[in-house]
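Here subunit A shows up in two complexes: once beside subunit B, once beside subunit C.
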Partner chain A sequence: MVSRWSFTKISTFFFSLVAAGIMVAMLVLLIVQSIPVWKHEGWSFLTGTKWFMRTHEFGAAPMILGTVLVSFTALLLAGPVGIGAAVFASEFLPARLRLAVKIIIELLAGVPAVVYGLLGVLFLRNWIYDLLTPFDPLSGDTLLTGAVLLAVMILPTVMTLADDALRSVPAAQRTAARGLGLNSTEVVLHVSLPQSARGLLAALLLGLGRALGEAIAVFLVVGRQDNQWPEKLLSINPLIESGQTITTKLASSETNIAYGDPIHWGAICGLALILMLMVAGITLASASLQFFSRSRHAS
Partner chain B sequence: MKVHLFALLALIGTPLLSVQADTLKINGSTTVNLPAAEASEILRSEKKMDIQIDTQGGSAGGISMLGEGLVQIGMISKHVSDEERAKFPKVTFKEIQVGEDAVALIVSADVWEGGVKSITKQQAADIYEGKIKNWKQIGGPDKRIAFFNKEPGRGTWEVFVHWVYGSPKKAPQVSFPEVGGNEETRNKVASTKGALSQLSSSWADGKTVFALSIKTEDGKEISPANENIANRSYPLSRPLFLLTNGEPTGDTKTFVDFMLSDRGQDLVKKHGYLKLSELK
Partner chain C sequence: MRRKLVHHLFRGITALCALLACGILGWLVWAIARRGLPAISWNFFTEQIKLVGASGGIFFNIIGTGILLLTALVATLPVAVSLALLHGVYLRDGKRKRALETMLYVLNGMPSIVCGIFGFIVFVNYFGWGKSWLSGGLLLAIIMLPTVTVALMERMATLPSKYVEAASGLGMRQSQIIWSVILPQTLSGIITGSLLGLARIAGEIAPIMFTATIFAGASFPKGIKESPVLSLPYHIFILVQDSFDPGVAEKIWGTALVMLGLVFTLSLIALPARLKIHEEAHHG
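Here is the complex of A and B:
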């Protein structure tokens, strides 16, 4: 059939172009606006550990570290639970029940971030404070508090995408495996999980992407303390102290102070640029994994 | 610069906003917000005014949003600095005082019950510079000091460093966990052991958080009570302003006039601040 330039086709083409255009415009805008700070700091904008706005010292390293620590810890906590729940729902629950469980979990994804944040302030903060008593924490605002809160927030994303990945493994393969005498646990371990590995990884990466970009909930419980570069990187210490992530810095009132000062404003836009590139990288990796996992089953 | 960003936002937002072109937009300090929000409520119902009131970024947010022309009234709990005026050369900032407030140094219950009831300026400076890290060093319980610093740009923070160092510019560079609005500050201090922070004194309830008195060099202890604020013996007092661009007109004038009227001033009083007639 010959393709026609129908109204639907033209308008969808137009709007996807607009969407892509906005994305590119944002990137260009952030690059242009952050030029002053790159001129001022050079690479030490990425590697510097001191951020003192009044003396124009802008080092983003502690915030990058905070972002990475918080989101990877969140993924470490939410990953096993999310994938475990997905395996249970997709492999062992009857279809109707599975749908019900899935809907309930997806509802969790619709809870506004600020609500999670307030719940975090009310319960999680104090719980972590008590839990950490042996380590003598200064307060309940720690990177760990932010990570636990984020873990709850990204759980629906991880679970529902992992469930989709598992369901995309053809039923014929399971039946064949059962026919060979494998029990249901063996089918999960030797057929479903390996077959959907790429999709599961994609689910984890998308969860990570969400954790990287989350601001308000973390803002309320992370303590927002600048210049927290740990003496020892590989220890639990940074996690049980207050810190700052890129998103909490961007959400703080400092963005209001930065107006009118090109270098300071550039530093804020530079942070936004770093964050955007991090999230874009993760999302692209996850999208390509999903793409290849689909084409593999199709072949 | 950021003008482009706002231009972009404006371009996207214009069709949505043009419907409510005559909305009176107000933003700024959470301290001033208490009486101002109640005044808005009254004006909405009595004069059918369309008012949007918010507290993004505290005083600094109020100043910059007024500077950018995003709001008609800023609420600020500090003076507009020369630097801030220089950032927005086209704007004529006009400060209209509507009341007076004090900043208190507040502590959590365990510190208060542990015997710390007052603090000297030197002790405050030493804590701020990290020389004093334990309450024991100033006669309190053996507990690390969990200092929650108000975000820079907050009126409360500026009053504090102005008292200790004479000017925000002279304050040393420090890194403490930061807190923003008044509710957040009170909540965090109340729920953390050994906590200390700066807070608008009318928010120090004496049940969950406690306001320290200031001990002067001659040994007098002055509490942030209203009479001490009024006669200026308590050193951390500050004016509360509505900020406009030039002389207020139209809806802006209606709002300012209401805040200065007897009813408006009663609202200032009701929320624990001093009204203009009480000042000496």
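Here is the complex of A and C:
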């Protein structure tokens, strides 16, 4: 094939450049637009615990903490269940049933965030409130509620990717291990899981990335209370109080108000930038573990 | 004896995990269908909202979501096809291919709220469009782009190389091969990818809440500037936040059911082709 600069080739490169341009523009715009807040706050934008827009105090630490707490708790809940389900589907189920499970998981992955939010508002927060009665919570809108909801939302991602990772272990190895007299559980524990460890870790990381970036469902159940820096960090307290994550802050109507004020708007863009870098970092780590997973998890 | 015990225990625990995952979907569909079905009627689809959502239907919400999805699809397709061709045909160097894949991977993970902020800066303010269906559609296009591109890229990877070789042997130019061999042969990948991409963005709110959609008072858009649309997910999002009116509750569940139906239909149509590509990619 002689490659010449045909119309097709030119337009292909043009549209590809557009795609690359959008990504660069996103990063550059957020950096440029957030400059005022870095000038105004310096590093205390990251470490400050107070966010009062009227007095121009912008500290993002409680939101960063909220984001980290919510998404890691979600991963802690969804990770084992997702991997367990993937092990069962790929190692113990016959092909047809496996397919059925896979379809169900695909559908679960497609459920819109706002539907999860709706169920969260009407069921989950009441359940969490009842569950937490011994701790005397103010309401059911807590970081924990957000985390449980997120766990359900990232479960399909973790499970599909874990399933793919397990399936990429060659069947010959399983057969050989069975031939040595191991039963199917031992094959999973000693062959499949160790062989697919990188892929499983990648699945967990991608689930974490999804949890970090999800806005709408968490917005509805997390309580969205500003300036919640817990007195005791290493206790259950931060989890059972209402709080704010970066995404819920960005999704709040404050984003609309902020635009007229460069420093306030800078703070909003700064939050978006932090979130973007966190998620991109985790995504890249996951990608390098298991380069470009063959699966197309739908959401 | 101990081995057997561990075996059964392990199998039982993993089975419980799988049951839990599938059970959640079952419960979710049941919970929404049970409460949403009473709201579904002909008028629900053909009337516009009245009394702040307590009465009337979701006609313009469906129209608005349709407009957003269509705009996103039209904007995505040329870019997705270009990226897939770049990956499958033009880039020969493995490193560059990897760079492109990594870019798609990162874009795929990009939080949609960040895209929303980006669109708010660019479309709403720099371009001066205000809240407009076009800015929302373009943002949704960015979000669905990786899904469509990856599906198409994978379909292209399974295209037997002898097709291209034969076409090349007939003396076709590269652009002719692309238009008359590669694209027609990978059409199923384009369709599957589009359906999956649409399913993914149909329920998105974060990108469109500041850029394209309002709760009430919009019908068909008349232009580009300051022409917002209503949408299904935003309807639920607003109603669920401060509503204790049982009439409204019924409408919320009804809307949720419609949305769930839309998304499930899109992903189910795409499913057979998708599973096939998947199997080929693994064993092809």
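Here is the rule we use: the second predicted complex is superposed on the first by the 274 of 299 C-alpha atoms of A that agree within 3 Å, B and C clash if a C-alpha of one lies under 4 Å from a C-alpha of the other, contacts with A are read in each partner's own complex, and residues count from 1 in each chain.
In this section, contacts are C-beta pairs under 8 Å (C-beta built on N, C-alpha and C of every residue); 3 or more make two chains touch, one makes a residue touch a chain.
Just so it is clear, the model here is predicted, and its values are computed rather than measured.
With subunit A as the common reference, the superposed partners subunit B and subunit C clash.
Of the two partner chains, subunit C is the only one that A:Val152 touches; subunit B does not reach it.
Which of subunit B and subunit C touches more residues of subunit A is settled by the count: it is C. Once the two complexes are overlaid on the shared chain, A:Val121 sits against subunit B and subunit C alike. Legend: residue contacts after superposition of the two complexes on their common chain; A:Ser252 is shown touching subunit B, with no touch to subunit C.
Looking at the shared chain after the overlay, A:Asp226 reaches subunit B, while subunit C stays out of its contact range. After overlaying the two complexes on the shared chain, residue contacts for A:Asp261 are found with subunit B alone; subunit C is out of touch.
With both structures placed on the common chain, the touch criterion links A:Thr133 to neither subunit B nor subunit C.
By the document's definition of touching, of the two partners only subunit B reaches A:Phe52; subunit C does not.
Contact with both subunit B and subunit C is seen for A:Leu29 once the two complexes are overlaid on the shared chain. Listed for subunit C are the stretches 9-17, 99-107 or 117-125, of which 117-125 clashes with subunit B, judged after superposition on chain A. Residues 25, 29, 33, 121, 220, 255-256, 259 of subunit A contact both subunit B in one complex and subunit C in the other.
Residues of subunit A that touch subunit B in their complex: 25, 29, 33, 52-55, 121, 125-126, 129, 136, 138-141, 220, 223-228, 242, 252-257, 259-262, 265.
Residues 1-2, 4-5, 8, 56-58, 60-61, 64-65, 67-68, 87-88, 144, 146, 148, 151-154, 169, 173, 175-180, 184, 187-188, 191-192, 194-195 of subunit B are the ones that touch subunit A when the two sit in their complex.
Taken together, the subunit A residues at the contact with subunit C in this complex read 1-4, 6-9, 11-16, 18-20, 22-23, 25-26, 29-30, 33, 80-85, 87-89, 91-93, 99, 101-108, 110-115, 117-119, 121-123, 152, 155-156, 159, 167-168, 183-186, 188-189, 206, 209-210, 212-216, 220, 247, 250-251, 255-256, 259, 268-269, 272, 275-276, 279-280, 282-284, 287, 291-292, 294-296, 298-299.
Subunit C meets subunit A in the complex at residues 3-4, 6-7, 10-11, 13-18, 20-22, 24-25, 28, 31-32, 78-79, 81-83, 85-86, 90, 98, 100-103, 105-118, 120-122, 125, 142, 145, 147, 150-151, 154, 164, 168, 173-175, 177-179, 196, 199-200, 202-206, 209-210, 233, 236-237, 240-241, 252-253, 256, 259-260, 263-264, 266-268, 271, 274-275, 278, 281-282.
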